[in-house]
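Two complexes come next, and they have one chain in common, subunit A, joined by subunit B in the first and subunit C in the second.
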Partner chain A sequence: MKFVPQDAFAGNTGYRLLPLRFRRLPWDDDRVLVTSMAGDWLIAQHKDFERVVEGKLDCTEPLFAEMEARHLIAADPNHSTLAPLLSQYRTRKSYLEHGPALHIFVVSLRCHHTCAYCQVSRQPVGNTIFDMSEATAAHAVERLFEWPAPTLTVEFQGGEPLLHFVRVRTLVEAIEQRNRSEGRTLRFVIASTLHDLTDEQLAFMRDHQFELSTSLDGPEWLHNANRPRPERDSYQRTIEGIERGRKALGEDAVSALTTLTRRSLEAPHEIIDEYRKLGFHSISLRPLSPYGFARKTEVRNGYPMADFLQFYEVALDHLLAINREGYFMEETYGRMLLSQLLTPFSHGYVDLRSPTGAGLGAVVYDYDGRVYPSDEARMLASMGDHAFALGRVDESVSAWLDSPAMQRVLAAGVAEALPTCADCAYVPLCGADPIDHYARQGDTIGHRPTSDFCRKQMGLFDLLLQRWEQGSATDQRILEDWALRATRRGIAREAEAA
Partner chain B sequence: MDAIEIILDGGLFSADVVARAAHRYTGDYYAETVSTPAGALVRLTPKTDHVSTALLAERFRNDALDERLRERVRTETGELHTSLVRAALQQAAPLLTAGQEQ
Partner chain C sequence: MNKLDAKVQLDGWAQPTLLKVATLPEFASGLFPLERMVLDLRDPKVRTAFPTFSRLPWAGFVVNDPEQAPAGRPWVAIPPETLNAQPGDVIEVVPETSKAALRYRRGANNNILFATERCNSFCLMCSQPPRDIADDWRISQICALAELIDKNEPSLTITGGEPTLLGSGLNRIIEHCANALPHTQLHVLSNGRNFGGGMLASSFTGLHPALMWGIPLYGHHYGLHDYVVQSKGAFAETMRGLYALEAAKQRIEIRVVLIKPVVEHLPALVRFLYRNLPFVEHVALMGTEPTGFARAHHDELWIDPADMSAVLADSVDYLTKRDMRVSLYNLPLCTLPRSLWPYARRSISDWKQHYLPACESCAVRERCGGLFAWVTPAWTSRALKPVLEGEEQCTSH
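Up next is the complex of A and B:
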């Protein structure tokens, strides 16, 4: 038997380009990352990519099949379908389907801490006029159920929400009462210092399956310096709170976040080792944001984004080393970016959405009855800038969506349409943050070449991609494991981390 | 600080391509683009003493070439991109009631 030559099987040997973007790799100028509109990607030699764009790629080359498989080119339009690409795009954007899942209730602005980097302009402990009233809470519950999301994450924030626990309690009871007819899946989270946590509060949280999210900035010297209390025992109280929370609600019910000041940047290993010592398997390394008292103390505590990225690189390598030793530990933001890079799935992380997660993924009900599309918008409001107030809790959700503030957010909320982002290879995996750009640059659209948001995103995507591409098989497996865990956790859990 | 001037062939690089490439440099440099008989003149002036000007012209030329590739991709795929996004998200569009239809 004789085989006929290969060209006998070829149909139309030409191809057409599909929407794509590319970026030269910072660690290898001769190669490019090429991404499809749905976020599928490959790395190719720049000279080969040029041939692709010029229509000179031969259908017998391995790159041809690879580009076709990743929806970067389409061969033979008469026989190929774009349905898989559409499906992939819908999957990537599926967070659009149900509206906001994360609902933040600010029950009080009071707090017993005096953190210099406080982003919400907290109030002294005795100032009860900064507590959410019963009437405001009742309206907020009504509004909560106007949203269509089948899963509602209700997060209580402050100030320190434990200082107004009576409101937490009445809100939970009202929400559960109403949910008997609504049948939504509910998650309750409380973001708290966990200081002065009472047995009664813990019992209530256990009965309603709360998750606890607290702040732990690292070892004792660093935590106490960043988060002072008059008694100088902030670290000790936090550790006690974590232990009591775990005992009452379970090991996995308590998570912690790190806010990085300038002095934190000198201690990446110590911060991570502290989390490991306490048995955490997850750490969030968050740079300072330009809100509240953090803006006032920026000269003392702030730092350029380049310093954060340097810190993150050291931290990532330390985390990889810890994982190689057999102790699983992930960084939550890196995990989200890796899930974008290495899986086709959607996620609930509000900061990484396009269209923006502000108002479309999250809503904030402030103590005074004002409503905001994001925590950053309410932080701006606490500084006296109400540019992004959607309305009040006694108005309808549709009125909020029609508000000038929401229209302003939406007008700058699609990353794929923003200057520079429109051409960025990472944009299918990234998000738009108009409120952050407004806060930092005074403009919701923003100027990407000087944008800290963009520097952070690009810097972290580049770093993670490089570590994955150039890492050992073990490091690749560790990073892939982070990415897969992110997708397994699902939308609701990730929204909480936002 | 001295400005660095780069001239690009107007026959190869459209004004849009030159502007897009120059925009990428506006973080560290003041950028000016001028159309001249010799081609597009780009003038980049460092904003501070700390900004590196090493291989600046070479880097800019590479970026301009990449912008030219992007222009070509845009031209070939722009309409298709819009149609695909519209088709993909059709299902996510809210159903309008009779009173809301426009």
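Up next is the complex of A and C:
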């Protein structure tokens, strides 16, 4: 038998660059993050990376094999294969496979709160013309099953959907009736303040395995300041609602989100500690969105994205400290970004996809029978701008997809093809949000150097990567744990409640 | 170590014949045709019942001594010291060479169906050096064998050589197993190279209810993998093959032999597995079997398991955290950190499983897979020593 030494298997020397992007690390000028088209990556010395680009890397250097294994370079094409890169790409983009899975039903715009940051322009409690009619609901159920997704998440939103619970009930019953022949996997979510929950409502939600999503902005003083009710008891009612929900549906059935006003930015520790006190293991820290009433009150409540990023950094370090103490708590947006950095998988979050999740991952059926590709699009509509209305529930799904609104969303919906994004090292892990850019900048394509969306993404990716890269072994484990849990859960929560 | 074949005395057989060794339960089960069974006259209960039984159309008889053989009927003499053939086993009698061989052993931990001696790789550590011979006759032999295997056999392994070199013959074997043994897990060990092109992978879709492919990968880039399997382009072919199997909805296990050049890059390999093949169901990290080509490459291949502890622990932890199931094969417990014991399997086939004198006093011998029978001092870990009573409880290493 005759065996051949390893160097004989190197193939022809030399290599080609595969599509790659890079970014000098903000915390270390000497090193760069290099990402592949599928979002695999490594961190290298800048001078070594320069040699890579110049074609001077030697195939015996360890970096050569590393760059090959992460699909940043391709050596001898007769011996190598692009199959793993293509597989990674398919895996990363697998959210495209089955069409929209998230279906938001706005059953009423009525609400008993008068939040200054309300994104949807809620209506007074007695104004029933802002309720979804029976006929609209019936059409919406027909349309829901025209989509091919094997799993359908049906999320009820408002206003306050509990104020029109009869519609929630008839929709659930009609959907389940229809599903007897369809055989899809159904998931029901309700985004609600949980105030004034009746036993009857809870029993119904328990019978249909609802998940509850509510708003909790922090400790009592902050929550009541952000979310005023005439009785000044929103916090107390929310806490009661959470407790009753947990009792009826199980501890894990209730999740909460925090909307951050300028007031909130001063209280990162207090907000997180409040969640811990209430036994939550998950928190969502969301900056204000420029929609609905939030736009009108921007001067009073708003803040620059840099302030949010500063807040987030303090919050992240506090969360890490809490986790180090042995109490598991994750931040949902950070978890999602980390899952993109640290796993090869796709994600269920509709606002950070490329191609965009608007219309491709989510559909919104509004109370008045209009249909939108995203919550943001209906928020714009509630401000009088119907630019992104896909059509009405009595029209077919294909008519919606053919609509000028959908074409407009798609034309700006591929991040890899957008100016500035196209060259960004984070783009394989990021997404396009044409409607957000339209809302903020008046243009679906947008201008990245002044884009708050981009500032937020870049800021958070940099922060999370730095904490992971420079963190202690314990901190690395905590952040990896967030990322791995996100993918283990399969499709995580997809939408954010108003 | 138990022998799998032996010279025997026999008579009345016209050609090589596969036979199920039968006593009363095998007869009573009614699952196998009498014409393909040999009645085991070594069994006292059978001897008692013999007068009634003898007239049935048995293929022949197993005896201890030729003098026990009934006149005018085929027989084979297998006294205990020749071959450990037990009721339920399948033996092959070969008249030209006067040999009997064990082809299936009831209750053994790892029964194999040997598909071919041919292979398209030439691995540095191959324990079964390939031969380029025409052995397609094995296809029908395996099918015949499958018919005589116990219906409640939990699992069988099809190995070689490279089984896909049988072409559609492999499909025939797998389909035949699905029909004859629908409850038996089938594990096919292939290098996966032939699945990359054409329709081969999809031809297995739905063919068998419990089929798993065991496919080796030795590096995170072609330079290393191709060297280990001594075949240019093999890495690319195997990777393409793995994706073709995934597309064909096949279950996949990745098998990694822990030779020195592979261990040196194991962290990069497990990362590569997670990033590129997260759909594989199981990863087996396996100690080297010191036979075949491996013996000739001791210096290039040998790394003492004691020197792998840290990298093995990290790799197992990495994969486990990512929901990729891992097992460790062919590594004695005393060479592994305690934290890895739950992953160690008694993987060495019982007939070639071996323990050293040092193992006599070991408290965990019953849980340990031991060593390959052909182990030599050069292939033995310096960490090999009996685990003492009480030590096995220690969970921190």
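Just so it is clear, the second predicted complex is superposed on the first by the 481 of 498 C-alpha atoms of A that agree within 3 Å, B and C clash if a C-alpha of one lies under 4 Å from a C-alpha of the other, contacts with A are read in each partner's own complex, and residues count from 1 in each chain.
We take it that contacts are C-beta pairs under 8 Å (C-beta built on N, C-alpha and C of every residue); 3 or more make two chains touch, one makes a residue touch a chain.
This is a predicted model, so every value here is computed, not measured.
Of the two partner chains, subunit C is the only one touched by A:E68; subunit B is not. Contact with subunit B, but none with subunit C, is seen for A:P449 once the two complexes are overlaid on the shared chain.
When the shared chain is aligned, no partner comes close enough to touch A:E211: not subunit B, not subunit C. Within the superposed three-chain model, A:D40 lies in touch with subunit C and out of touch with subunit B [touch as defined at top].
Residue contacts after overlaying the shared chain place A:E480 against subunit C, while subunit B stays out of touching range.
When the two complexes are overlaid on their common chain A, residue A:F22 makes contact with subunit B while staying clear of subunit C. When the two complexes are overlaid on their common chain A, residue A:E155 makes contact with neither subunit B nor subunit C. Touch criterion not met for A:D131: it reaches neither subunit B nor subunit C. By the touch criterion defined above, A:P84 reaches subunit C but does not reach subunit B.
The interface of subunit A with subunit B overlaps its interface with subunit C at residues 87. Contact residues of subunit B toward subunit A in the complex are 20, 23-28, 62, 66, 69-70, 72-73, 76-77, 80-81, 84-85, 87-89, 91-92. Subunit C contributes residues 122, 124, 129, 220-224, 226-227, 230, 232-233, 235-236, 239-240, 243, 246, 261, 265, 268, 271-272, 274-278, 293, 296-297, 321-323 to its touches with subunit A in the complex. Contact residues of subunit A toward subunit C in the complex are 1, 3-6, 8-11, 40, 59, 65-66, 68-70, 75-76, 78-81, 83-84, 87-88, 91, 343-345, 480, 484, 488. For subunit A in complex with subunit B, the residues that touch the partner chain are 16-22, 24, 29, 37, 49-50, 53-54, 82, 85-87, 89-90, 93, 96-97, 419-420, 423, 447, 449-450.
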